[in-house]
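Below is a structure I'd like to ask you about.
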Amino acid sequence: MQIGLVGLGKMGGNMRERLRNAGHTVIGYDTNPDLSDVAHLSDLVDGLDGPRAVWVMVPAGTVTQNVIDQLASLLKPGDVVVDGGNSRWTDDEKHARELGARGIGFVDAGVSGGVWGLKNGYALMVGGDEEHVERLKPIFDALKPHGPYGYVHAGRVGAGHFAKMVHNGIEYAMMQAYAEGWELLEKADSVDNVREVFRSWQEGTVIRSWLLDLAVHALDEDEHLEGLRGYAEDSGEGRWTVEAAIDHAVPLPAITASLFSRFASRQEDSPQMKMIAALRNQFGGHAVESAKKH
Amino acid sequence: MQIGLVGLGKMGGNMRERLRNAGHTVIGYDTNPDLSDVAHLSDLVDGLDGPRAVWVMVPAGTVTQNVIDQLASLLKPGDVVVDGGNSRWTDDEKHARELGARGIGFVDAGVSGGVWGLKNGYALMVGGDEEHVERLKPIFDALKPHGPYGYVHAGRVGAGHFAKMVHNGIEYAMMQAYAEGWELLEKADSVDNVREVFRSWQEGTVIRSWLLDLAVHALDEDEHLEGLRGYAEDSGEGRWTVEAAIDHAVPLPAITASLFSRFASRQEDSPQMKMIAALRNQFGGHAVESAKKH
Amino acid sequence: MQIGLVGLGKMGGNMRERLRNAGHTVIGYDTNPDLSDVAHLSDLVDGLDGPRAVWVMVPAGTVTQNVIDQLASLLKPGDVVVDGGNSRWTDDEKHARELGARGIGFVDAGVSGGVWGLKNGYALMVGGDEEHVERLKPIFDALKPHGPYGYVHAGRVGAGHFAKMVHNGIEYAMMQAYAEGWELLEKADSVDNVREVFRSWQEGTVIRSWLLDLAVHALDEDEHLEGLRGYAEDSGEGRWTVEAAIDHAVPLPAITASLFSRFASRQEDSPQMKMIAALRNQFGGHAVESAKKH
Amino acid sequence: MQIGLVGLGKMGGNMRERLRNAGHTVIGYDTNPDLSDVAHLSDLVDGLDGPRAVWVMVPAGTVTQNVIDQLASLLKPGDVVVDGGNSRWTDDEKHARELGARGIGFVDAGVSGGVWGLKNGYALMVGGDEEHVERLKPIFDALKPHGPYGYVHAGRVGAGHFAKMVHNGIEYAMMQAYAEGWELLEKADSVDNVREVFRSWQEGTVIRSWLLDLAVHALDEDEHLEGLRGYAEDSGEGRWTVEAAIDHAVPLPAITASLFSRFASRQEDSPQMKMIAALRNQFGGHAVESAKKH
């Protein structure tokens, strides 16, 4: 089928390729003319036969809102928009309402797969009305991995991004789990070769996983990760997961600990630990380290 | 080769079968005569040609110590003992010393695989001197999964159980990660079918793993886990992981949170939350719930 | 000076009394006619000489918004409104804007002191423009404790509620600290009398505090808190503290742990621990406890 | 009464002074001859009339064990030893047994008060048999603060150090609570003066405490703690508190989070966050920061 694809970065560009490999007709638009198939977003819309489907794959927040606003005025009743970016699920209802007021359908799709998606397929978590989701089925089928898994219509508008958000929260805590274990093993006197321990875990253990395989790849490249700094960004979904948990009064200790570890990793020095040092000095005369020394 | 196997419970019994399937001669001993191949531990020792190898697969702590003590007097210099149970790594050095004083070798083996091990093989993490480990290689090869993974000689005596202990710590936090995500999804209004979300994650996602497959199995048996109580034991390794982290001053927030969640799951009521309730009542006149109502 | 006071519940009623004791003229309004000095909110406004000051002391959220909306139409330019309730700091900017559009000033005041405030005074954390704050100084002076502390003009509009919110976050973690320590002492075989340990801590220790004094009061009423259920509400500020921390990428492990402990205390059974139990059963054949037994 | 005091460092030296101010006869011994009243430990023992009391105030672990061993051979049946250092409660039983075998009594005393103890008195948490504790009452009375609090006979041998250990665990989490709140306030745009917020909290609030007073002192010396590094040691008791909690299956999330924050504060770079960075790079092509840049 035909589809418009807005945003041809690392993710969008690969998705265009995977869709074309599957025989679909893709008109891609990007603000970078080197990547774009057409000069203007309106050219993308004009190039599609109605009823149209347009997949939006741009950064969450202002950029996505801006594209949705433009599509709202360019598209026609009966068309449908998919937001495949990392939007917050609370934005989805707003977008569905805005587009729905003009008779345009809206579907949200959480997409997982990263740089491996082109080859292995993208896992898709989709939210929206059955009629809109059904229409996009050929596209979803082309993007998803072969085999029985990797796609779910999770519920109404917002459910796709909510499911993807929780996926990422789980991802944070799984990564933290391996990372904590790795650091502890590296500290153990008796263990000679932590990398080989990790490698051995790839079969027969309870903790075998794709992330474990990636950890072994990383250790093969740099056995003690000496070339890296212990610095990790967080992408929004981790924060939203904790906020959603607070909204629902669900305790999330492991996921939240993982998020906080990332926050701490980005601080050159910890203000709160300065206060701890100051208090210890006040009551116990414990020596403090002056900031100047560092 | 020949091997003695002490302890023929759920794990030991299946290991005997897997070893025999691989063509090894196994003499098994268990205090339960219905399971045992011989009447006494001494019969097991007498039945093996020297230099002997005896695999101990009994509960950690007193029971293991007791078997080691008996083997110390029954075995001969040049024999070797493997402790494949869930012993604390600090016990291994003691056992190696005690047996070494009589010329008997000692190897510790952390074993993962649970009820799936008979079919899929057991992941083995082994600690000990090269000469002792090398001698047991045919046994390890029979027990481990086919393929390149599932076995590591992690380091000197104690390294096998240390690596297995960390494996279990990671396992705690991974299980906690999926569990937190599952509870949050179950609370979300927009998501219709959490089980299908979990099922879809089995391919193409960052969080695909064997534990995720098991979660889907569990949800297929009982979609909302209504038949279960939220009650989880912990087996020792989780506690030791945190204690080892404290010894090495390594922060383990996610693994520790997972351990504490299990502790809390086993309390009918939380004493510490009684104190919170009491304090809120003292300063704010906040209503408390009396214990009698419940 | 004259002041209108909207909301005469547990907090507002006592504040009216403390203000009158200090010689101020207070016209109080409450929807409960038994508590109210006047029949209608408009009577309160009409009863005050201009420029008027009206203190709002009603539940945060819809009720506060509703009162602010009414006051916006009843008051005149030059009047000033104080929100002394537990509003979220993000609401303050909105309220200041809405009232400011009509020339009415706005001040936010975080108020601490609970049932003890009438006697000991209320700690006040205030946000707003200097001119509005200055005009209300006599009211703040009457409400605050005697002595040099208990009042701060923390910053611009929103700063008062932000400071109060953080105060409550700290309060959560301090309560959690004592509660955790109490539970551990209660479990220790060697300690005969935990209540007397707590009592002794009230002087000479690093951890002496007003909350500790309250803990001793509570233990004097019920030595082992057997009459209470371990169930604790949370009031909004704890949640907002964690959300503010997420906005600013500040790790708050102890405060967040305290919030999550409260969430968990309110669950009859823990869904996430059901998943842990289900997974343990899947891979290890570990016994589960069925929900029916409880 | 007469008492021997072994260890005249920051704590012991001040305690000698406070005891002498109260009219007691103190013979102090220290390995530093500038501090010591006598040349040898045996001179201290010889200088006291029997039945003797000797207070040991030296670093926990090997040093304390060494002094106990020496006193075991120097003292006579009917004498009594007090360990006032920061020994682990599990050492107390051992010491009591060793001394008891020679007819010498043993009392453990947890001592709080730091550099403020000389003036304000030391809070004492004491464990041991009634007869030994009773004999030392005049010494405890002289050391403790005036007023009804600051002293408890908590239980049998070990209970004093156990109670002090829990005190320190609570102290960790209280310090963490203020530290987290301080960092969040420092990040808030609306709050002008965090120090004044802290100062105001010293009266009328739920969180007023001696530690809060110390925080204000510290901020008066260095408003943003710019001269300090966010680096905090931990002294043993925090670790033992968590270990005791694990032994008793008591969840201690806030205290443990506080301990882990100290561990993390002492790492130049976080190994576990290197693994997080490596994994993000593997699956998402996320940029990593190389260690060289820092």
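The chains carry the letters A, B, C and D, assigned in the order they are written, with residues numbered from 1 in each.
The criterion applied here is as follows: contacts are C-beta pairs under 8 Å (C-beta built on N, C-alpha and C of every residue); 3 or more make two chains touch, one makes a residue touch a chain.
Please read all numbers here as calculations on a predicted model, not as lab measurements.
Set side by side, A-C and A-D show the greater C-beta contact count at A-D. With chains reduced to the mean position of their C-alpha atoms, the one farthest from chain C is B. Inter-chain centre distance (chain A to chain C, centres taken as mean C-alpha positions): 37 Å. Between chain A and chain B, the centres computed from C-alpha atoms are 33 Å apart. Note on chain placement: the centre of chain A and the centre of chain D lie 46 Å apart, centres being C-alpha means.
Residue positions of chain C with contacts to 2 or more other chains are 114, 176, 178, 180, 183, 206, 211, 250-253, 257, 260-261, 264, 272, 283. Contact residues of chain B toward chain D in the complex are 206, 234, 239, 242-243, 246, 249-253, 256-257, 259-261, 263-264, 266, 272, 283.
Residues 10, 114-116, 175-176, 178-180, 182-183, 186, 211, 214-215, 217-219, 222, 225-233, 253, 261-262, 264-265, 269-286, 288-294 of chain A are the ones touching chain D in the complex. On chain C, the positions that touch chain D within their shared complex are 89, 112-114, 117, 120-125, 127, 144-145, 147-152, 154-159, 162-163, 166-174, 176-178, 180-181, 183-185, 187-188, 190-193, 196-197, 199-212, 241, 244-245, 248, 250-255, 257-258, 260-261.
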